[in-house]
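Chain nomenclature is as follows: A, B, C, D and E, assigned in order of appearance, with residue numbering initiated at 1 for each chain independently.
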């Protein structure tokens, strides 16, 4: 069997990045900047190769590797794969940039940190092209396993340690469930390649095995997107982890989960789309409702974002839930739904990342802190506030940032295209609950700092641009960790890029919609 | 050979593992229970391999091998994390890992 | 690009640029910022006045025949086109929006509510203008929805920052409740789009386009109608309104009552009725009954109100009831009545809220018990108040009359016991309006001056900002009362085209 | 009933019994030992099912490495050698979920296969399986090496506090 | 598309000047007076021109608004009655404007007052001249609001605002009916032009319904039972305003509109029956209430109610000519009465007759003019009132005997006749009482002793109005005048009133003796009593003084229930409707708290959730998609 090495290039580069990071750490010990720089270069290289290889594809064409038959491939490199790989690498790069303040503190060993991040990226890069269960599982684990360590890497940090164990335990348990599902699917169809599973003539006796297998597989994978019921780890882990890692978890790791769910729930489960549709619908409804309701009551910033991301997972899965409706299983409808899911994922990733990025810019190496700590932020750093507001309102699905709005539009549109009106209504109503806490958080930025009750109500950018009291009083009145932070340039760049992209795709949603169209 | 036997065994074993995961308080014991679950899965793979006509020869057994290696890696990392936790709080009782804080009424 | 298209773009771009300019200026140039904003608002108003209907009505069997349109692709994958257009139904509303925004900005030149930073307030007003005019101008369902959403957060900010003591709660209620409305709009829009394959209002109005099944139409209409009912607001979905109005700053109330609510009625007329006529025909009685209930309920509640702005807010509920009743009749008469009622309410209630703001600014209270004898100390103020109140209670010869009277006429035109009864009840509601407005006048202007009023002194006279902002509205109120063609002449043809669908 | 069936039944009984003890015993250390028994029995099952290589890997990797690791962990976490009563929390949820999953799964598989009989295929010897691995499963194999490297490095860096501390400053 | 210039100018001039006047500051007396008096003069000029030109058919009008098929046209129809009534209105308005200059000499809100009077006049003239129902409604309502503003003008009287609100609301309640009636006619006839409505063939049901609805409005404006309660309270307004309202504008409008639309009423017996009963009750009720008052202006107010009863009675018995005739004479002598009473009050400084008396020597001009007016009111021969009232009684007699116009059943006509005759007696009684209590005997207060004639600005109008008060009656003897009153002067223009006055409206027959006898009787009864003595406090007098307690009834049946309903509505809106909304909010919050508490637990709960969730979802989905 011939192996198209070109298809593997991005994977090689990614893996090489990991190794380079380790070597660099050995060669120039103590030079954090160097290590990070090398890793960053590697990641950039990954992006570049992904794009170039993607460009190299003649339209509609694809490169394959490790094939037994025409469709029995472990790896397929098509435009979608290229896009996913590029996005993953970009997110890893962004996370790295956000990590700079953390690395500066020396709380974490730079070399290992970069290495683990690169490993995770490698897994993610492969994930996009995986076309059989084994590769899928291994890739997912390669994506996830380094994250346990990244979460708990900070020395002597109790929260970090606890968070790491929580993450790990829930992860292995749900992995076990997913593997059980895989085993049942294999038992029923005798195939591990998606093509085989999708094309297998399943004996009526084995039909239930296949269905239950798919259900368990999806439920197990739901852990990756932190969907109810496999969601409880997210708040604890996000809050315990360093902010950059939390950012990576809530973007890259989630995106990985989405890709996996798409591959399994749609590509592989063709014969039993109804089953996977219903499963995903249940997961979606539970996730968005529970996530939004609990988020209403959060006091800590990161936990708020964590719960909101649980809800977002619900919106992510909602379009696939429409597969349960007969109207959603027709060819074009399925493409519509898949495209909507991917589009929402991209919109979400951009907004979520810029939100976390802004947090890092505000808090430096510290943790997210209480929501109340952000009062008066607008007065101190208007630009960061603007980014946060755009991201949060975007996640809520409202202007000024049109990205979030179009994300919701895409989801609802696909749902109605798939005859799942009720699901669309559930999504819509959840959006209302969601706005309640996003807007509350956004409003606190404009509130006066806790020590300045005299400024109660003095709000909005104005507060930032001039301040109702002399500037001195304002900063004195501020809670200490909010004294205007000196944002290190990588963070600044990362946030700026993310914000720009968020605004850009708001005005040109077609970019994302076209990218999403390449899937399935 | 009647495949139903090993299959049933695997099913029950999985159930036992699940029980263990739910009731055990000690992180290490919890991990052991997880191993039981994974072994149940492996058993299913192997039995299936021996029972049905797979599209790719020995796919089930290969899968099993990968799962075993994965499990090993996971255990390694997991134990490291558990030990770190122990260093930090002198306890490996998972009941002490709070998921979420009590909210203000 | 034709002149018309340039005008369309300018109508949306000018305020947007103005907003950026005003907000961009540093704090020490606050006044300059306000001036800039006002200039842009005035420019926009000027632009809107340049729209002219074509000399010859274009020969088309589509229900919507825009005077001029601009149709650019935006996001086909979301079935979203940047399709703007203006016709006789939207034109008066666009002008009204531009006018009120301009007046509010001008008002802010002299009076900036606490906590200051007027230029940002002006900027937000301009953003609101973009959203509202966008709603009136868009001929694409998805675009319509986008603009509909644009309005939410700026208004939230206006209330939550420059509002009264309980502003946060009011603002939250406003934004959540109206968002509830607009998410239903989102669903409704895509029910239509996925059912009929296009989001283009002109195409949807074209008999040639594959019409939706009756069931789909009903579903679509109900979703859309609820969405717009929240915005209008239609009893019993109105309770966000009083809170928002009571807490909002003067200019906020003016925009809110003057044009924001109109998005609901306009949407109902242009979108809900326009794209799902059968659904509309089937649910018209329900709509009419609710509208009449709103008229009566609004009147009764106003009779028992003790706070100035709250009372005016509830009177809006009643007036919008008349507008919705007019729409619900689905007759040319009713639709015309609804349109002119819309405009009249915008002008008169805008004026009322200006005055209420003026009173609250002076006396720092809106409680009727603490007011009284205003005509002794502030004859001009109380005079304008009386004028506005009288106009609002639908006195013939002033703007308010036509919409209300001819809503009743339309109901009688429909005939049948139900519609006749509704017409009678609506007329009774008009009498209630007289009752509560006279009660208001008696409490506020007549009688002996209360301590607060007596201590008014030099504040009693009208400030320059008030003179500038109020006089156009005063004039328009009378003009529209004497010359209804100011609105009706534009809307006659499109309304006739729309009513044709219902054979009326 | 073939000999295979008998063997399977016997080994299965052992596996289940010891597995049950793993999750119920009140001695932490014994739990580890019973786990060895269970895994060994399962290795036996693999052999009966003609998965030779898998069986050996099971013995080597699991019994040889994993369990040892686990036992080390037990020691390092100062687990009491004797019996301790606070190992479990309330049992009913575990019983419910465990029984539910086990029974449900069993029912599913039994219903799928009934009392069908199949002949054992040719054994999955090392060369056969190796061939499959290195022809078909090269990509996951490469990838898992990255995974193992990550696990190795990570485990070391996490469990050795001095790493990185050296770099501080 | 032509509009009769005279018809347009008639209301337009005073309205325009009135609006202009509103812009003046309150204390700019001179320009305000110029605008006010000028407006009235101009109106009078136009009115005279129109009357001189003779009846003029309806013009096609100018369309001012199109609602679907229905169009609103500004058109005029200056037929005979319109011209005459317009003149009367203008005369009274002019007198009032002039009189007010002096009467409000120290009022710093004179300017708006004068402007509002102009608007009031213009509105009335609009009603008179309009050839379109909607436009007529405009004038009708504007009049209402002007009455509200003017009655509430006086700041010294605490009851003024209340009276003003009452006046507007009571009439507005009636106007609901009026509006609905117009709408019904317009919708069924497809046009609001009066001529078109006449021409359209409307079903009897429609006509009856419309007429009854219109009657509601008429009852409100023309203070007919049961909507008459606002009129006496309206005395709180300045006296000239009372003159304006009672003589020429407000109250006249109702009667005039019925006369204008008589071709419709004629077709509907039920409507006329209702009108007749309304009239009978009103005239007697008003007279008896007048008998019980001590406030001079209230006596006059109740007398107006009663006289309006005569007019509507005349309409009911199918004699619009008589009604309009009485409308004109009444305009003259009632205006005079009020202005004279104003002079008296101006001099004595009180409304109460108890502290008057003996003014005969002190203010002779006022005495003589008022005497003439009172005589006219009572219907003493040769005075104007005698002729018009006689015409009405006669018409009622004809209707009773069955040779009258109109479809009114004879029985009902008899009721009108009887009540009219009785009212004559009662009227004589209270007129004599008022006359003697005010001018006769000795002064009963220091002010009365110091009273003197008013300034010329006030005395002039008295003398001017005295002329028609005495002479206008004889006009009724002229056939041409009578023809104009019934509107038929000019051949068969479209929608011309079918009536013809072959004979003059007023002519003496033996019938006149009956009222005369009653007149004398009533007068003699009142004469016997000592003018100085107040009324004995008996149940009857209390009943009269409180106007049969109808205010209390109205309060109990309408005002309080509505207020209670309003409070209930507000409570319901806040507790139920808004409560539900807030409930949803707090409910979501509560649910969030609940769920959050569920998650406030240790790690095992997460694993349990994963495993349990997997089992449950698998089971549920499997069952739903049907695995087995």
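FYI, a residue touches a chain if its C-beta (ideal position, glycine included) is under 8 Å from a C-beta of that chain, and two chains touch if they have at least 3 such contacts.
None of the values given here were measured: they were computed from a predicted structure.
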(request) Could you tell me which chains make contact with chain B and chain D both? (result) A, E
(request) Spell out the chains that contact chain A while also contacting chain D. (result) B, E
(request) Please identify which chain has its centre, taken as the mean of its CA atoms, farthest from the centre of chain D. (result) E
(request) Could you name the chain whose Cα mean is nearest to the mean of all protein Cα atoms here? (result) C
(request) Decide which interface, A-E or A-C, involves more C-beta pairs in contact, and give its chain pair. (result) A-C
(request) Please identify which chain has its centre, taken as the mean of its CA atoms, farthest from the centre of chain B. (result) E
(request) Would you mind pulling out the distance in Å between where the CA atoms of chain D average out and where those of chain E do? (result) 101
(request) Please report how many Å separate the Cα centroid of chain C from that of chain E, as a whole number. (result) 36
(request) Give, as an integer number of Å, the spacing between the C-alpha centres of chain C and chain B. (result) 63
(request) Express in whole angstrom the distance between the two chain centres, defined as the mean CA positions of chain A and chain B. (result) 26
(request) Going through chain B residue by residue, note those that touch at least 2 other chains and give them in order. (result) 14, 17-18, 21-22, 25, 27, 30-31, 44, 47, 51, 56, 59, 62, 66, 70, 73-74, 77, 80-82, 84, 94-95, 97-101, 103
(request) Would you give the residues of chain E that are in contact with at least 2 other chains, written as numbers and ranges? (result) 593, 596, 599, 603-608, 611-612, 614, 618, 628
(request) Name the residues of chain C that each touch 2 or more other chains. (result) 176
(message) With touch defined as at the top, which chains are paired up in contact here?
(response) A-B, A-C, A-D, A-E, B-D, B-E, C-E, D-E
(message) Residue numbers of chain E touching chain C in their complex, please.
(response) 19, 22, 26, 64-70, 72, 109, 112, 134, 137-138, 140-142, 145, 148-149, 152, 155, 158, 160-162, 164-165, 168-169, 172-173, 175-176, 179-180, 183-184, 186-187, 562-563, 565-567, 569-570, 573, 577-578, 581, 585
(message) Looking at the complex, which residues from chain A come into contact with chain D?
(response) 1, 3, 8, 11, 15, 18, 22, 29-30, 32, 65-66, 68, 74-75, 106, 108-110, 112, 115-116, 119-120, 122-123, 126, 134-135, 138-139, 141-142, 145-146, 148-149, 152-153, 155-156, 180, 184, 187-188, 205-206, 208-209, 212
(message) Could you list, by residue number, the parts of chain B that touch chain A in their complex?
(response) 14, 17, 21, 27, 30-31, 34, 37-38, 40-41, 44-45, 47-48, 51-56, 59-60, 62-63, 66-67, 70, 73-74, 77-78, 80-82, 84-85, 88-89, 94, 97-101, 103-104
(request) Within their complex, state which residues of chain E touch chain B. (result) 593, 596-597, 599-608, 611
(request) Give every residue of chain D touching chain E within the complex, in rising order. (result) 89, 93, 96-97, 100-101, 104, 111
